[in-house]
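Below, subunit A partners subunit B and then partners subunit C, in two separate complexes.
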Partner chain A sequence: MSAWSYYISTLAVYFGVDVLSGISLNLQYGYAGVVNLAYIIFQSVGAYVAAATALGPDTGAGAFQHYIFAASLPFPIPLLLATVAGGALAGVVGLFSLRRMRRDYQGAIMLIVSLIALQVVTADVPLFNGSNGLTGVPRPLSFLPVGPLAYQWVYAGWVFVFCAAVYLLVQWLSRSPWGRALKAMRDQEEAASAIGLNITVLRLQVFVVGGLIAGLSGGLLVEYIGAWSPGAWGYAETFVIFTAIFVGGLGNYRGVVLGVLLVPVVFLQVTQFLPQIGYPGLMDSLEWVVIGLLFMVCLLVRPRGILPERKPIALEGSSLQFAAPGLLHQLRRRLRSL
Partner chain B sequence: MATANPRAAVDIPHGAVGRAEASTTGAGQPVIAAQDLVVSYGGVVAVAGMSLEVRPGEAVGLIGPNGAGKSSFLAALAGQNRAARGRVLLDGKDVTRLPSYQRARLGLARTFQMTSEFANMTTFENLLTAGMGVQGAALSNVVLHHRSNRAHNREVERQAWAVLHRFDATHIANLYGRELSGGQRRLVEIMRCLMRSPKVLLLDEPMVGVAPHLVARLVSDLKSLRDDGIALVIVEHALEVVKEVSDRVNVMALGRLIASGTYEEVVSNDAVQAAYLG
Partner chain C sequence: MLGTLASAVAFGVVLASVIAIAAMGFTVQFGLTNVLNLSYGGIMTIGGFAAYLVASHGLSAWYGLPVGAVAGAIVTLIVGRGIFAVYARRGARVFEMMMVTLGLGLVIDYGLQALSRNNIYEFTVLQSRPFSFGPIILTPTQVTIIGVGLALFVGLEGLLRLTKVGKALRAMAANPALARACGIRTRQIVVLTWLLSGALCGLAGVVYIINSQSVGYTTGELFLPLVIAAAILGGAGSPAGAVLASLLMGVVTQVVAAYGGSLYSTAAGFGVLVVVLLSRPSAVLTKQASEELTLA
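Moving on to the complex of A and B:
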């Protein structure tokens, strides 16, 4: 029983982290049309920074791993630094890669950036310990007087708190005039510029906001699993999240949650329970094939996803209403009724 | 730093939608001027030294055969094309090196040859996005001043309804851009421009795709915009529309101005007839 509880709580943590990733990518691509195929590197920089700033000095007797930013900072500073690192790296990458160019070229550049980053971190051992990565990251909530299994659930709850906060914040931003400006940029860049919107600044802003969320998700994940290495952040990981937001529904944050539940959690976990066929590793490889197929089937059958973007309804004399009220609106209404 | 309560980009009192703000240079001075403008794509010269002046409340038609360089010239005025030579003056200010979004902020609005509605946004959202103004849509303003922005947002919404009423378009307020007909898309583009209270409105073939029964309506609307003090430049192949709306007509061929004057003067011009008929 405890094994199942451990398994499900682990899934819950991964689900929460993936929801954060989905929200970030949905803001960037679903709302702003920025194809961030390098998403995983912003998550990874968060993970590495959170790990390095919590692990303590990497020198002295017994030091078996090497990394920069070595420090032993108290909770929750490593997580804050992870968030900032994600945003800062996004700012730097965005500055040179988000100039006015076609969306497919942008996607290609991001993919290349992702591959280069992976090679650099793997080859440059003093940076984050090369291909071995960092291990032994201390548990951030270890001060709590709970057992190992209860800790699992407490940590899942901790991740969900961040998910809820980021969900509400990003949904609010997306429905603001800034969010509308992002959608205008997504739909017709030239026309958006012709109504006075600075496309470069908007792109950079949405890239940094997404980077902050990615850094946070990386920090939360590494503090849970305690280790991070290049094997954890291949560029293909980004495609899983992209598939999730396409399946769930671009431009709809509920769709993101549903997509993440269906693709990286249910869909990929079900395959773990299937009998092994062929040579060892064949099932793992087939997973990627099936993810690609799922993506294509979704584009063919339901291109706007299971829960498409909501249409805001304008009624004269009242503010814009969304076809179904957002979570923030519902929460506010319930609080008022208490 | 963002202002707490940014003013709308457009101020539309009592239904006088799209009234241009008074030009600082006065009614007699051109609000937009092109001086010896040259646009080239690689080695191909599309516009070879065009000059043009348009005053507030004046409508200038720009006609010419296909490939004459009309759209390239319009794009150079609006900032989508970079001029290889020459100057663009907007309200007396040299904007030649400014990108399109900065020219838009100075009061220049345009429609495109291919309709450019925001396809996955409703008509109402299209108008709100244009009407929010630069400060209103700024991330810092949204985050730091979201409470004080409410009055501004409501004002922009009120203006959007005023524009929709003016064009009898309230029935398309909640339709996505992709759900609109060709004529309705043109209308959305024009309404979107008006939300910015432009001084200059550049229209690139505004009647393409518009149903015949709507053309007369749009012509009447364009004339009333001109009467409101907006300077109009209209590139259009439907010559009856140009005749109806324009105070003056310029004719381009092979990137150059070949004739200028009233509609009657230019259509009887030998060079114009040669350019059209070959």
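Moving on to the complex of A and C:
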């Protein structure tokens, strides 16, 4: 029984972290139309910073890994620094990559940025220990007098607290005038800039807010699993979150929660229970094949997701106007036939 | 000292030839259909594996070139007509189309990982005595790669500039609606584009594995960013631009590898792209009007 409890609590932590990722991407793409195919590097910088600042100095006899920022900082500070690091990196990357260009160009350039970062971190061993990554990150809530199993659930609860807070925050932000400006920019960029919205600043703002959430999610994840290496952040990880928010429905946060529950949690965990076929590793490859197919099928059968964005009244009104002549025509025919 | 630089530049030209073959195919396809095709790397790998199968059955590795080209052309045509065209008919926008190609890229890459049992296979080409030009020493294989790249560039430019089909291709890339109104059979031109770019893509895959002497499922995935960077840098739809950009990136990559750390070399190639984006943003700025997909 305790094995199940352990398993479910682990899933709960991953679910919470992925919800944060989904919220971040949905705010950026679903609301603002900013394509961030480099999402995973903002999560990773959070994870690395949280790990390194929580770890002690890397010099001495027992040093088996090398990294910068070693500080042995106490519990909540590494998480805070992780959040800030995610936002700061997003600011820097955003400054040069958020120019006004086609969305597919922007996506491709973000993808390239993501690959550059991966190569640099892998190559530069003194930075964050290269391809081996950092391990032995101290557990943040270890001062609590609970057993290992209870700790699992406490940590899941801790992650959910952040999820709920971020969820409420972005919902509030999205309904604020700022959120409406984002949607205006997404739907009609020219018009939005004509009514005086500063497109460049708005994009940078939403990029940094998303980066802060990404950094937080990375910090929470690394403090749970205790290790982080370049193997954990290929571009395909970003694609999984994108698939989740497309499946759930863009432009609303209930869709994010549903999509994350369906795609990274249910969909990818089911394969753990299928009988292993073929050689070891075959199932892992097929998992990625199926994720790719899932996105393609989703866009074909439900392009707006399971829970589509509700259009505001003003837009519904305008579509009614287009529908009205047809309706009137039908009404007249009915009347005539009477 | 000068010798190191000269041979680094020479190796850069070899790498540039490989990038350029792929980037020419990519840019022709992108310029005409407006699909930023991220599954292109996967199709390169398919071409590479096709050549590997030929070579493992005892034929010379050079027979891999036509086989890879045919494999790339067929797969690209199937993907373009069977998958991308469906999304275009349903009104997919450029970004959604790019995500579809990224998804398809995952399917191809990891499908190949499953088929190849996650192994890297050796692909050896018999080597004879290397040529030496002053301080530069190149193997016959490397010289051949440069020759293949040059021949393909001249052939493609000739096709685009001197033939009627080439004229139709260029007209359609510039303005599909007008081209259709002028009586150009746009459907056939799109089919031709898939075949042409697919063949170049398959060839690039084969040339890449001849150069690197091994093939694995990540072959194209790792190479694709360089190709996209070269195509964007050279301007969509311009083979000459793609070749120049490939030369720049290839040479920078190899010179950095010779003087700095070899691990930083690829990052340096991308650095070129970033610098250009900052200094000449018009390279990637396009008007809203051109965001139409032309697939039929």
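Following the convention adopted for this analysis, the second predicted complex is superposed on the first by the 310 of 338 C-alpha atoms of A that agree within 3 Å, B and C clash if a C-alpha of one lies under 4 Å from a C-alpha of the other, contacts with A are read in each partner's own complex, and residues count from 1 in each chain.
The definition used in the following text is that a contact is a pair of C-beta atoms (placed from the backbone, for glycine too) under 8 Å apart; a residue touches a chain by one contact, two chains touch by 3 or more.
Source: prediction; values computed, not measured.
Student: Report the partner of subunit A that touches more of its residues: subunit B or subunit C.
Tutor: Comparing touch counts on subunit A for subunit B and subunit C gives C.
Student: Pick one for A:289: touches subunit B only (first), subunit C only (second), both, or neither.
Tutor: second
Student: Identify the partner contact of A:268: answer first if only subunit B is touched, second if only subunit C is, both if each is, neither if none is.
Tutor: neither
Student: Using the superposition on chain A described above, determine whether A:309 touches subunit B (first), subunit C (second), both, or neither.
Tutor: Only subunit B is touched by A:309; subunit C is not.
Student: Report for A:190: first if it touches subunit B alone, second if subunit C alone, otherwise both or neither.
Tutor: A:190: touches subunit B and subunit C.
Student: Is A:102 touching the first partner subunit B, the second partner subunit C, both, or neither of them?
Tutor: second
Student: Which partner does A:299 reach: the first (subunit B), the second (subunit C), both, or neither?
Tutor: The answer is second: A:299 touches subunit C but not subunit B.
Student: Considering only touches as defined above, state whether A:198 meets subunit B (first), subunit C (second), both or neither.
Tutor: First partner only.
Student: First (subunit B), second (subunit C), both or neither: which does A:70 touch?
Tutor: Neither: A:70 stays clear of subunit B and subunit C.
Student: Residues on subunit A in contact with subunit B in one complex and with subunit C in the other?
Tutor: The answer is residues 190 of subunit A.
Student: Okay, in this complex, where on subunit A does subunit B touch?
Tutor: Counting only subunit A, the residues touching subunit B are 173, 176-178, 180-181, 183-184, 186-188, 190-199, 205, 251, 309, 311-314, 316, 319-320.
Student: Flag every residue of subunit B that touches subunit A in the complex, lowest number first.
Tutor: Going by the criterion above, the answer is residues 9, 78, 80, 99-101, 104-105, 109-110, 112, 116-122, 124-126, 128-130, 132-134, 136-139, 142-143, 146, 149, 153-154, 157, 160-161, 170, 173-174, 176-177, 189, 192-193, 196.
Student: Which of the residues in subunit C end up touching subunit A in this complex?
Tutor: 36, 38, 83, 86-87, 90, 92-100, 102-107, 109-111, 113-114, 117-118, 225, 228-229, 232, 261, 263-264, 266-267, 270-271, 273-274, 277-278, 281, 284-286, 288, 291
Student: Taking the complex as given, what residues does subunit A use to touch subunit C?
Tutor: Touch residues, subunit A against subunit C: 35, 37, 96-97, 99-105, 107-109, 111-112, 115-116, 119-120, 122-124, 190, 236, 239, 242-243, 246, 278-279, 281-282, 285-289, 291-293, 295-296, 299-300, 303.
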